Amino acid sequence: MNDAFEKDCLEILAEKARRGGVSRRQFGQLAAIALGGAPLALRSTGARAADKQLVLVNWGGDAIKAYDQAYGQPFFKATGIEVKEDGTGPTEGAITAQFKSGRPTWDLVDADPFSAITLGKQGMIEPIDYKIVDKSKMRKGFGWDYAASTYFFSYVIAYDAQKFASDPPKGMADFFDVKKYPGKRSLYKWGAGMWEAALLADGVAPDKLYPLDLKRAHDKLAAFKPNVVSYWGGGAASQQVLLSGDASMAIIWSTRASILDHDSNGQIKFIWDQGLISPGALAVIKNNPGGKEAAMQFIASTSDPQKQLVMFNLLGQGPANPATDALIPADQRKNNPVDAANFSKQVALDMPWYSENYSAALDAYTKIISA
Amino acid sequence: MIQRPGPVALVLAGLVCAFMLAPLLAVVPISFTPARFLTMPNGHLSLIHYRELIDDPDWGRSILLSLRIGGVASAIATALALAFSLGVWMIQPRFAALMVGFVLLPMIAPPIVSAMTLYFFLTSLSEVSSAIGYDTWFGVAIAHVVMITPFAVVMILVALSQLDRRIDLAARGLGASALQRVFRVILPNIRFGVMMAALMAFFLSWEEIGVTLFITSVNAITLPRLMWMGVHDNIDPAVAAISVVLIVITTLALSGRMLLQREEPA
Amino acid sequence: MRSRRLTAVSSFASVGATEGDAGRIASIERTARGQGGRRSDNALLTGVCLMAPLLLFLAFVYVVPFLGVAAWSVTLPKPGLGQYERLVADPLFFSVFVRTFRVCLVVTALSVAAAYAIAYVWVRGTRLQRRLVEFCILIPFWISILTRAFGWLALLSNRGLVNTWLEAAGLITAPLPLAYNEFSVILGITHVLTPFAVFPLASSMRAVDERVLLAARGLGASRLRIFWRVFMPMTASGVVGAALIVFVFTLGFFVTPAILGGGRSIMAAELVWLRMFQSPDWGLGAAISVVLVALVGALMAALFRLARPALMGGSR
């Protein structure tokens, strides 16, 4: 328990004891609890600016330890502010609920930049203070009003290497071709990247993708439905469907794919060709408990190439700071989505487009896949 | 003298039991996999996930927290449900259906809506004291009580429905006060039902994830919450190891009880 | 003096009443009511005091905030019934509801039937049978829903145990599609809910008066007849309670269907999640919830009316 709260408690107890509300023995017991700080009971949660702590909400799993190791611990050593990771997954609605409650308990969120843009326009996100956060350490074109570019990942084609060893798929057209590459497929449940995949397979040139021709994409997806065994909603499900052999190919996150390649001993491989680069970002919720300045300082600290290297090693995240690329050993570069060689084969998702159109597109997409 | 179940009943029950145990065929092997994700071990067995349960304090902490919350929530929920059901049964008020419906609302509403409702309630409660609101064990316990009590009410109403009302009338006729009727006549006869309600309440709290997910953050991490954090990324096979450990403990407890009671008549 | 009489009365349940008692009880009832005044006021007061805590607690902690959330359906994004109009016109909404109710009915039927078989042995079996069944009921609780879902995937998927065995036994040539569809969803949910259904069933089976069954046997009825015509009706309230619990529980499931359904069978609970969190439209999410609550509330009201004698009676 922290000092101010303890002091409060003791004062209240003393007052009650004086007025005879609490017997002396009880007072002693209660005081002992207050001072001893019973581990799980009466733990105060920090929703006051004086607390030296920041709560960072990301998507859980391996990311919790990774963020702590790469960013959290160094920040604590440098500033004395503790960073705690919450793996709930900061969906747009969850952030909205936090803000609307009037006392958010989340400080930083690993949110989709387009969500940050949408929520920022509604006044729920703190604009990034680019006086503290250094925009020059981000790649050109990434770094938005309401979100700071912190990493990259891609939607890539992962395939059963035992089945397709001799002739691996080379792009979206191959992915959608079940004659040449038999077996079922798995796609992302929440739509992002899938429209682009369908359009690329249908023959649209990568530089002519946006604005997306949703009708064309949805028609192709609807026609392709019988070949899809499942639409995965999270990383765990995406790797399960490949490992179990239910899908011979799936479009999954590159971060998962690179770990899968390693963990499955090459049983599942992936290609960068026609991958869809998605930027990851950190945003700060307005009125965050830890204070705006501390949050911005934390974001600024994430642009350190050494730290981003740790995140690459642990999670396979593409670094936001171009200076980090040079630090990655040559044999690991194949896992970096934004490495020059890999970047050129891919297409970047357009964040402003998503900010405007994601909701309606996802609606239509959901109708198709669940009908 | 009870007539024992015949062969048909035993076969059916046996099939259902086999069905109940089926997932163990996957869960037990998975707990021994050397891989970092959920997969069957291909020949190699490893204890790394069991080691992790000991090494990583988060698992032990969350199990203890779930036990504590489960105990508190099921006790309060059962008590509240018992009181309410007794009241309804005894005085049979005119709008009984409406009141029962009112009480069952948390059960009927979609869990997401319950989650949001309780989230807003608990964050308001945090303004009173941050030790009992959002992201505290007590807050979670309150939320669980809200979600569990409707089920307990249904359970106890079922138990009461089997009670012969005439014994209550007889007691009344003999001059018993309402409280005496409750404690001396009614309760002893629904004891099994109340126990079942309490047990069910505990397990409902133990498994609860929908609401718990939104009312906790970094402090009050229950076991389901801890497991859930892997679903977006990678589920740690340690979750399978936990299940095996808990099952082994339960098996030992049940076998121990069986051995100890061997001397009693069947 | 009085306490001994009370104890005697309380064990009346196991002794049971005879024909002649009915008349005696009726006269006691009349006397008790006639005595009125202090005694029935006492009962009323106690009853109200018993009911009040839960009602007040829920009103304060849940119902009031819930109404606030429900109000979003008519206030967001602007006041009016616009959200409900959208629902009626929305094809996704309708198909999701149909699927959800279908799954709920199937799961309820399966779970209650399975739980009935188990509860029967649990309450009436020999010591050994009871212990074994107890073991099988308790074990699943220690496997979390998440673990179970992935466990089922491991069993049912193309390279899973079931398909591997069937192929090894020569019964099939290609793997059966057992996972990522409605079949696995129903299987998964049934597995989770059957133990929960056992509780109310066991409770009502326990209270069955054994001597009635003995009387039936003495009258020459066959085992099957006794079970079907005598035992089952006496456990009706347990069946109703179990069905209610399972049905409503299934309605709120989103973990198991999300993982086992492969994203293709979206159910109502997940739809609400989608509308509240993934692509938020709180007004619409609230409207869906209100409709769900209204539908289920209506179902339950109908059920309660049908089952009222069974639930509130005893013997009237």
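For this structure, a couple of remarks:
The first chain written gets the first letter, and so on, giving A, B and C; residue counts start at 1 in each chain.
Keep in mind that, in the parts below, a contact is a pair of C-beta atoms (placed from the backbone, for glycine too) under 8 Å apart; a residue touches a chain by one contact, two chains touch by 3 or more.
Given the structure is predicted, the values throughout are model-derived calculations rather than measurements.
Ranked by number of C-beta pairs in contact, the top chain pair is B-C. Closest chain to the protein centre (all Cα atoms averaged), using per-chain Cα means: B.
Work out the mean CA point of subunit B and of subunit C, and you get 14 Å between them.
One finds 33 Å separating the Cα centroids of subunit A and subunit B.
Here the CA centre of subunit A is 38 Å from the CA centre of subunit C.
Counting partner chains per residue, subunit A shows two or more touched chains at residues 94, 236-237, 240. Looking at subunit C, one finds that residues 150, 154, 160, 259, 276-277 touch two or more other chains. In subunit B, the residues touching two or more other chains are 38-39, 116, 120, 228, 231, 235. Those residues of subunit B that touch subunit C in the shared complex are 1-6, 9-10, 12-13, 15-17, 19-27, 30, 38-40, 80-81, 83-84, 86-93, 96-97, 99-114, 116-118, 120-121, 142, 145-146, 149, 151, 153-155, 157-167, 169-182, 184-185, 188-189, 192-193, 196-197, 199-200, 203-204, 206-207, 209-210, 223-224, 227-228, 231, 235, 239-240, 242-243, 246-247, 250-251, 254, 258, 266.
Those residues of subunit A whose C-beta lies close enough to touch subunit C in the complex are 91-94, 96, 186, 189-190, 228-233, 236-237, 240-241, 244-246, 358-359, 362-363, 366-367, 369-371. Residues 35-39, 61, 64-65, 68, 116, 119-120, 123, 126-127, 130-131, 133-138, 213-214, 217-220, 228-236 of subunit B touch subunit A in their complex.
The touching residues of subunit A, counted against subunit B in their complex, run 5, 40-47, 55, 57, 59-64, 84-89, 94, 97, 101-103, 105-106, 234-237, 239-240, 243, 256, 259, 263.
Of all residues in subunit C, those touching subunit A in their complex are 91-92, 95-96, 150, 153-154, 157-160, 177, 179-180, 258-259, 262-266, 274, 276-282.
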